[in-house]
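Shared between the two complexes below is chain A, which pairs with chain B and chain C, respectively.
After this line comes the complex of A and B, so read on.
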């Protein structure tokens, strides 16, 4: 820092050598004091549990007693059909729901940004509103709306002659319902992230594109999409992290059923930890999950990140 | 290009040229928005009906007269007054404390240079990518050993140093001109007073955004309170709702009323403060 360049300070600190120059040292210590609460809390309630969790994952809990079993929990995971089901279900959400949602969000963002749209702020707010609603609240609402016999959705469908859809009771439809709920909740939020980026794309680029004879679709492909890339990356990474951890929605909507069709890694982990109290096994699942998130995040940065 | 001058001026943003597109776009989006907002409307309606009416062969579409009955049933089965009070107190205490922790840290990370700054910041940001689930089991054991189960601090303490909050404040603080700090120091301000008197006042919009974010986060948080709160009297609204839903003879009129109580105030707060909230969150999202 530029401490030496200030002559007055040097003189003062030379003069009162023993009692340290108060302001200078206060300025040095202040940042440590300011970050101290955050760092201490983080160390106590995040770092320490992360380490402990790894130790737990190497133990087996029987009747409340932990015995060291090495990598047994991890080996057991490989042979556990339910774990693979959970992994597969989570992967399906990731591969099907996330891209659909991000495509919708991109469309919404472009619409929000369109000069032709009236009452723009009403739309921006309206589509953001689901995000304000808690996961449990919207889970409860959706579980009633999608009720097979008496739900509003099936009633509306019956008006146009569509028979009862088993939204939450059929394995395939349950997955679709879960995807619908997730899309309802997060699309507006992602659209707002994308919109912010969209507004930074210089207008001149669009002018240049139209001078070159580009139509709406071409200027979308060659100007909008490349310009959106960083925001799409951010939205993809956030959605991936969120999806892999997903717990609240399947827990409230279907409790992981029917027939484990909506069992996600998050729900399976919760069941093992807090229904069967198999903390060691749950911790192993958590570690596999953390590694998955890390690896997928890295891949996404590689593929979508700035190549130049 | 034969479009009139006004059209030509507007066109480049979207590439849509013909007039009339505006009406088409606006009304199309309005229909989609109506579908998106339908659950909110229906939630308000359902909270004024009994379970039997909600599950009638023709679902209710207009308000009924059972709001009071639903509320008293909630009070009886889930001591809902206590539950709302728990949620409110936990969310307020959390917002104030976490707000202070995140703001101080965000400020220090942006406006000071010190040894280990980047390492410490990087460590805190690890929290963004490490799944919550990794810490659930050890944290639960920790809370049990501290005899903190069923207490407010069990819910509040573990998430005070919220990485996203620190990240958000670091982004927002970057906009604060260094000259402001320098002149404050020239006037003889100590570092803490500098923070309280010089830094905080112009940061009000960012603080509002952080505040809403933290409040919503805590108000809606489910899995962690579900794990550490087991006594009926200690529950927060989401946990109480989930426990009501689990029973065989679920009173959906009551549950949906509780859901409305959980959701509607947040929507009002959000609409009142949305300007700060969306722009504040975006400040965190776009600047990289």
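After this line comes the complex of A and C, so read on.
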């Protein structure tokens, strides 16, 4: 915004140079005036709710009356088996699905970058497309495809003689289905992040490597991967944050079931707020989640970031 | 997992937090909510919005022309919000202090106490608008539901659904089972075994992994047939009562005998299973008869209907398993006009007869049952008088079930318990005991043991 307006400002102040002091203060204030709307919006729709939800997390509402209960909601969380289940499920996705997805994304990025690939933009588009699909729309599509009795996937499997797979109705399969859906949706996006970085790796490094006698694997291992490190860090941190907050997919595919096998922190938070109307408790979950995300992000920066 | 999901969730989080914040302001401001103070708007003029879902919404819309003959200056807009979407939408509206809520809200018995308890003042007191004179007009137990303390009237009853037992008469005949002779659910299980053997069909279907919130409907029905529920009248938890264990054990017995098909996948899966004829029995309440007729019109004459068998020999076969209600938003500026619409729709037998004709929605308004439409033989149900069967159930004594403001939480632990029994073969008594304990720790309620 300030970039657009600065020429006008320069012209104006150049014209009236003598009345300097008051003009100067107006000039000093101008940038603040320009950022004010954004700051106000941010304060009203982000800071205020963030602050209030902390206040809420210290309250309990009974019959419409708020009572200050201190850390009760947080203490209750520690004793809540469902919260731990949700945490465990989220951790499983984090530990299993995220590495698989990032490995796939790295492979895809290298393939996208390959000189041998024809119709490259078609492939890139194809893999990035899921990303722009509405979360709800793709959740619904997946739940229809994966329906045990009437779904397309099981019908196709039945053609090759494989019996009904309980995609969404068995605790283990439901986790696998969730992982599949997430991988389908986010791999292309991560591949594009990695690809952008890949294209900045100087070609000379590869030339030097091949002069030194490195094969394809060795130059991937010693040139590509180190070069990708910052992008991998970014993708990892973003994926971690996203995974910890994951909500749409389990909510639409399985509603957190069967028997809480796919209950995530996001879904549990939502249930507490909007199904049980327990806003204080939901806010406490949100704060614990925020702290978890902060801590994990910090660790990842320490572990992956320092070496570059 | 990336920026956009993060952003979406960020927005969601802010919305959640914002809604929570709205909840706080709403709560602190209840004493001074303007509309409660007396300004109920013009009773014969204005524009009101009505929120409902699918069939009922269509029926309300169909009533508007007749309503406008009486009240030409009230413009009524009926919106089909969808079910279950409507519950979230009402919650968010109430949490935001009533912002964006419609004037008239269609609310199920499972949500009504929660809204009343968590969002005081968000539903108008219909008593002040003249509802008290209808105290004795509705089926038994319903006035206690809409006016628990007998003073404030939170809503007016619309539908009263009794437990039903829709069955494929042709399948029972093929298996050589006399459906009329099924006195108890144990008899039904024996019949189910014969049916499975002769026709390959299941006895009934349950959403085993609980893909929907209401997956424990059948369990709840078996419990209510025994006069039991998740809470007693004091609001204490009765989830692991002898009645509840008996109900869950029956379900386990059916499942272990291979008589229960899985209908997970929500409404579409249920409808497909009816079309496919997967099960011989649909143990659904009154309103479901209309759905069956719409789904498989070509099977007219092959279906039958009766009240469910009792759980114990000689026990009750009638229970009002759910009801829905029309309420007026406490923040509505047209409460008087909205009340006129509610009164027109729910207290005139003519309106309710039309609605019953349209979608088979069973009225709570007792006077409606004088109409011949409830006493006609139904072609679809093999000449049976479906209306009379369910009217009989409505007249039978039915306790007022205490849904409390924690019904949603109860439902969650119950469906989880049922899933454990159906998918993992868990012991009913054990899982219900654990469920009751969990509910107690979540809600601070006592377990009645």
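Note that the second predicted complex is superposed on the first by the 279 of 308 C-alpha atoms of A that agree within 3 Å, B and C clash if a C-alpha of one lies under 4 Å from a C-alpha of the other, contacts with A are read in each partner's own complex, and residues count from 1 in each chain.
Assume a contact is a pair of C-beta atoms (placed from the backbone, for glycine too) under 8 Å apart; a residue touches a chain by one contact, two chains touch by 3 or more.
Given the structure is predicted, the values throughout are model-derived calculations rather than measurements.
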item	value
Chain B versus chain C as contact partner of A:30, first or second or both or neither	first
Partner chain(s) touched by A:273 [first = chain B, second = chain C, both, neither]	both
Which superposed partner A:129 touches (first chain B, second chain C, both, neither)	first
Contacts of A:119 with chain B and chain C, given as first, second, both or neither	first
Touching partner for A:245 - first (chain B), second (chain C), both, neither	both
Per-residue touch tally on chain A - higher for chain B or for chain C	B
Chain B versus chain C as contact partner of A:170, first or second or both or neither	second
First (chain B), second (chain C), both or neither touched by A:147	both
Contacts of A:74 with chain B and chain C, given as first, second, both or neither	neither
Touching both chain B and chain C, residues of chain A	45-46, 48-50, 52-53, 56, 135, 143, 147, 149-150, 193, 241, 245, 247-248, 266, 269-270, 273-274, 279, 282-283, 286
In the complex, chain A residues that touch chain B	1, 23, 26-28, 30-32, 34-35, 37-39, 41-42, 45-50, 52-53, 56, 110-111, 113-119, 123-130, 132-138, 140-145, 147, 149-152, 155, 184, 188, 192-193, 196-197, 200, 203, 206-207, 209-210, 214-217, 219-220, 230-231, 234, 241, 244-245, 247-248, 251-252, 266, 269-270, 273-274, 279, 282-283, 285-287, 289-290, 293-294, 297
Contacting residues of chain B [partner chain A, same complex]	10-16, 21-22, 25-26, 29-30, 33, 36-37, 39-40, 42-43, 46, 54-59, 100-102, 104-105, 107-109, 112-114, 117, 120, 123-124, 126-142, 157-161, 163, 166, 185, 190-192, 195, 216, 219-220, 222-223, 227, 237-239, 241-242, 245, 252, 255-256, 259, 262-263, 266-267, 270-271, 274, 278, 281-282, 285-286, 288
Partner chain C, residues of chain A touching it in the complex	45-46, 48-50, 52-53, 55-56, 59, 61, 63-66, 76, 79-82, 98, 101, 131, 135, 143, 147-150, 168-171, 174, 182, 185-186, 189-190, 193, 235, 238-239, 241-243, 245-248, 254-255, 257-260, 266, 269-271, 273-277, 279-280, 282-283, 286
Chain A-facing residues of chain C, complex	1-6, 8-9, 12-14, 16-21, 23-24, 27-28, 30, 88, 91-92, 95, 114, 117-121, 208-213, 262, 264-265, 268-269, 272-273, 405-406, 408-409, 412, 415-416, 419-420, 423-424, 438, 441-442
